[in-house]
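In what follows, subunit A forms one complex with subunit B and a second complex with subunit C.
Up next, the complex of A and B:
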């Protein structure tokens, strides 16, 4: 599966309209420990220029480990394999110096906790100018001017004065604004936002999401938004990838995943969410626990909790498959594709159809019920 | 959770509660050095109901809850529990009262002693309050574990052997041990995974019905609050700005801050998200060490701007005033303008329709 992407390396051309900005293939992340943690198990996807893509999952689903692995920001005890092609280079094979140039320049990162991504002993201005002189080659005075301008763009009032503040003098929302200013300053092709609003209050969350939208749309930046909150991705992303047990289990346009979820986990997750626009008689629960990441999974990772489990689910892991809409049986369930019928190994990407890793995907009625909540 | 009937008697009465924390630095002379975490809050909690306390960080919701549990002393004001003024009790009487009110905390990783078995953790309130013999306590622990949906063999294990959701069940079993009347739950599910939250919320709802519990639930998640509460107090910078039945609050909000909060909550539905109008408040919540004059929300209020900044908003603190038609109360100088605003209409198109 690595070859088609690996070949394009020699061309090293800038991404065209249909060439993905980022191409991930067979990404595995294992944390070495007494019982090794298999955090990400064979994840592949493409991101196109200017797309906003959500990576949704619960803690332990592998969503953060998978994203941090792209730019090798995981600790030493993490083993990462696969390929991560960005602008013709495999990020997993760059040396430390090359990688540092990529981080920041081509890939900007916004973390959950803005406090931990800022240096507490340096002023906000100092940290911003550092980024600007390093990645844009600006001289001291120009960098400082640009830093103030950037802070103003991201909505920090009195930017000229606040630039001499230390991070602790900023509120949580302002800190996250400063971090975003730093991440977008070098105009990266890809912005990875890892739970960017989870630590913030809801009114501030709305501000930060709006800001991320604005800045990425303005510069045509691709954004990979990692979150556990289906509400956050609903308004901000065009495509969604749902992770469970270290794998992508469903991928399609955001609209499709919400209106016609095609994996039992996505359906169940929808139903279990309290919604501000409706009060349910009783919340539908997903019984059981997420899979233990230290154990190999036989079959589908969701099988033990799945209401539509069939025998095959416990023995054979379902790969991502095109939803067989054409082969839908009316009442008896899906007519299941055999392995040979599958259209290769479809990879989630800008033009890919609705994909689900399920041997027995929910029927359309069940799917729309899942999306509609208690409506 | 279960709807407390409207004429149910009050279990907790909070009167003009103020909790100020001294600070060293004085921002201005007249407000010398106090964080006014809670600054003049009054409400009652009726027997059998679930009251939600909501608001953003720094609004005073957790401080209010701690004062109800007598985990801190009010600077001013009075808290009555079942007719008894908490400030007047001590010693044996206080211990007896404490049995009747129990906390459930946010983080079950921090609230359970990792060196103790589940049996010992759950039995601890019984031991402290000298309830029953050792054998009786063991029996009660088994009963409690069953009540919260844990297997009997959980008793001999340590917290690390359990997932977050199971740990929160252990914490709930401990809170239930003394058969309390009131449970104060501070963000009881916000540290849990999304797919586990519903299990815990349903458990709390079942326990409430079975044991006629009264809940005070503190949460920042407004979707969750709609699901589990009968009435809601919305707090902002140490004040209650609106206190309503849950349905009224979500269908007919009357404070500009409530409208903004409701409009800010993301909805897991692409259609709703695509069509809704959002009120994005400017700036952050001001510091409770130096709160704005008059209405504390005036610095961020969309309605004040729309009304061309009337003087009264920054000049006079609006009292929490009963609403004429229907129950509840709101603290705003211009509730009628909220009622007729297009902002409220737009917000309700998306969230009030069902």
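Up next, the complex of A and C:
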């Protein structure tokens, strides 16, 4: 039942894995309300075995909704459509019982706020052992021993004793360690970490990231790390997907996203980061507002705020392209196909006077010029 | 933990003292001569000299001719010796009367609470699990009706229909007049019947108990159900329930182990408050079905200006309140580990 996990992560850096662990196509998430909220609008991506992929974006960009929708953990008023293939099964079409076998077993989840994601009236041990008895069939004593071992593994001191503690007796970092222990206990194929460090002290954040890194690497677990903090994903992930307005606007290797951002939004995001090597009077902000999630978007979601906007941006959404593809395209004189976001079909890379990567893959030497965004 | 209980128990006499103060002075506001109220019609038939002797005796004992603060002091010193005075309508010591009327009331309260818990809590969970659905809407309508209907109306109409018309409910009292009562040990007929192995009496008294217990139990039960539902809805939308679902746990486990264990904490507090409505309900319901308990006694005492009896009733109710709140606090420590730790440290 469990997906065999590849030992090597050699292909991890490649943006389009050949045999993905998780394959998401056309994921839409809409929250029913008087004016429905279109949280995720047609997102497609693949995750390879053992790779660590970051999903970044500001609040409201749909990153958390998109991740929790994978295992249908959203409230009842969320409509989810598309396909989510994991181990040959479409998670969005499983019945409740089949889905329960996947949740917590093949897909582990680390939540944002360890102060609210643990049940206050149950002991840490109880909350750990219930995973073990559900998915590993361990009973009473054995489950307890395994729970203590797991707590030990995630770095909780005196695990044997602390297993009978309640969450309020744990610090924030310790709670998150316990949550991680619950998530990795059945050795899931996929670990979804939904802003795992946002609620924690800065000093603890690094420890938690290191722990996640360590545990997932050890077992070859694929990790989808969701964050609004570019600093968090920098050292942990091989690939990054940047979300804006419910869409993935850029997907590339972490290195490329940092060194050679292609989409104007990513570029703007970079510029808004405070820099340690420059004296700044004010932090740089992105002018304007994120798109209204209750309205359909025509064209590019970032167009109204984009310094490189051309007329075409307001009527047509530019194809999602990854930088390696873009580079390949440039060497072949704009002829090579790029991958469109919505259907994954190759479409010809169009030529235009627009200098950013949206419509025109930048020339390797013209990267910085493209990033500057002359429109 | 032990200190907490002891401290609370040590505070109880102070609370009771406060209650005596309030009831005493409020009863003094009633514009009647306490002597006349006490003697009522009994004094009139006597000769003047005899009447005067009785009045003098009463004044000597209760100081009814003295200023109010002094009267209060006399009342308190008598009370401290366990003397609550005599009831004018039963002509017995109030303490004796209370000892007689308490057991039937305890019987009724326990039965009503059992009814309320057994149907109210699962009903609230059921409605919360189907929130937004047709059953939930139906529950909302029915429970709103149930807690809005005055208890006296429900009791009178219910009794008329189920006893008077249909004959399903048993008649007034605790036992049928043809049933030989079991020997009086605890004053609670159900318990006494079991002790004496009098199964006919047990069956009969349960039949009598059923109607008042159901009326009270339904009203409180629907109140519980509404609180449980709203707390469950909150819990079901919480992050820890999402975590539990994310673990792939069965629906029942998520519902009862994760959501309910949290939802029940505020329910405990509110059941302490529900105790108040239970007491007012008891006065009405006992009166309607002729249940010889504290409620009937309080009703008679109030309508006949039996001030000694009334003060006694108020004291007993206050004590019950103190104990109920202590029980609530103790239950809290069982249900909520955060409170438990807060108290030990």
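Here is the rule we go by: the second predicted complex is superposed on the first by the 297 of 375 C-alpha atoms of A that agree within 3 Å, B and C clash if a C-alpha of one lies under 4 Å from a C-alpha of the other, contacts with A are read in each partner's own complex, and residues count from 1 in each chain.
As a convention for this text, contacts are C-beta pairs under 8 Å (C-beta built on N, C-alpha and C of every residue); 3 or more make two chains touch, one makes a residue touch a chain.
Fair warning: this is a prediction, and the values are worked out from it, not measured in the lab.
Superposition of the two complexes onto subunit A shows subunit B and subunit C fitting side by side, with no clash.
In the superposition on chain A, contact of A:138 is made with neither subunit B nor subunit C. On the chain A superposition, the C-alpha centres give an angle at subunit A of 70° between subunit B and subunit C, rounded to a multiple of 10. In the superposed model, A:313 makes contact with neither subunit B nor subunit C.
Counting the residues of subunit A touched by each of subunit B and subunit C gives the higher count for B. Contacts of A:43 after superposition on the shared chain: neither subunit B nor subunit C is touched.
Shared-chain residue A:290: touches subunit B; no touch with subunit C. Of the two partner chains, subunit B is the only one that A:274 touches; subunit C does not reach it. With both structures placed on the common chain, the touch criterion links A:76 to subunit C but leaves subunit B unconnected. When the shared chain is aligned, subunit C comes close enough to touch A:179, but subunit B does not. For the pair subunit B and subunit C, the model built by superposing on chain A gives 5 Å as the shortest CA-CA distance. Common to the subunit B and subunit C interfaces on subunit A is no residue.
Here subunit A touches subunit B in the complex through residues 58-60, 157, 171-174, 201-207, 209-210, 228-232, 234-235, 254-255, 258-259, 268-270, 272-280, 282-287, 289-290, 371, 373-375, going by the rule given at the top.
Within the complex, the subunit C residues that touch subunit A are 132, 237-240, 242-251, 253, 257-258, 261-262, 265, 335-338, 341. Those residues of subunit B that touch subunit A in the complex are listed here as 56-57, 163, 165, 193-199, 201-202, 205, 220-224, 226-228, 246-247, 250, 260-274, 278, 280-285, 350-354.
The part of subunit A that touches subunit C in the complex is made up of residues 71, 73, 75-76, 96, 99-105, 109, 111, 113, 116-123, 127, 130-131, 134-135, 166, 168-169, 179, 182.
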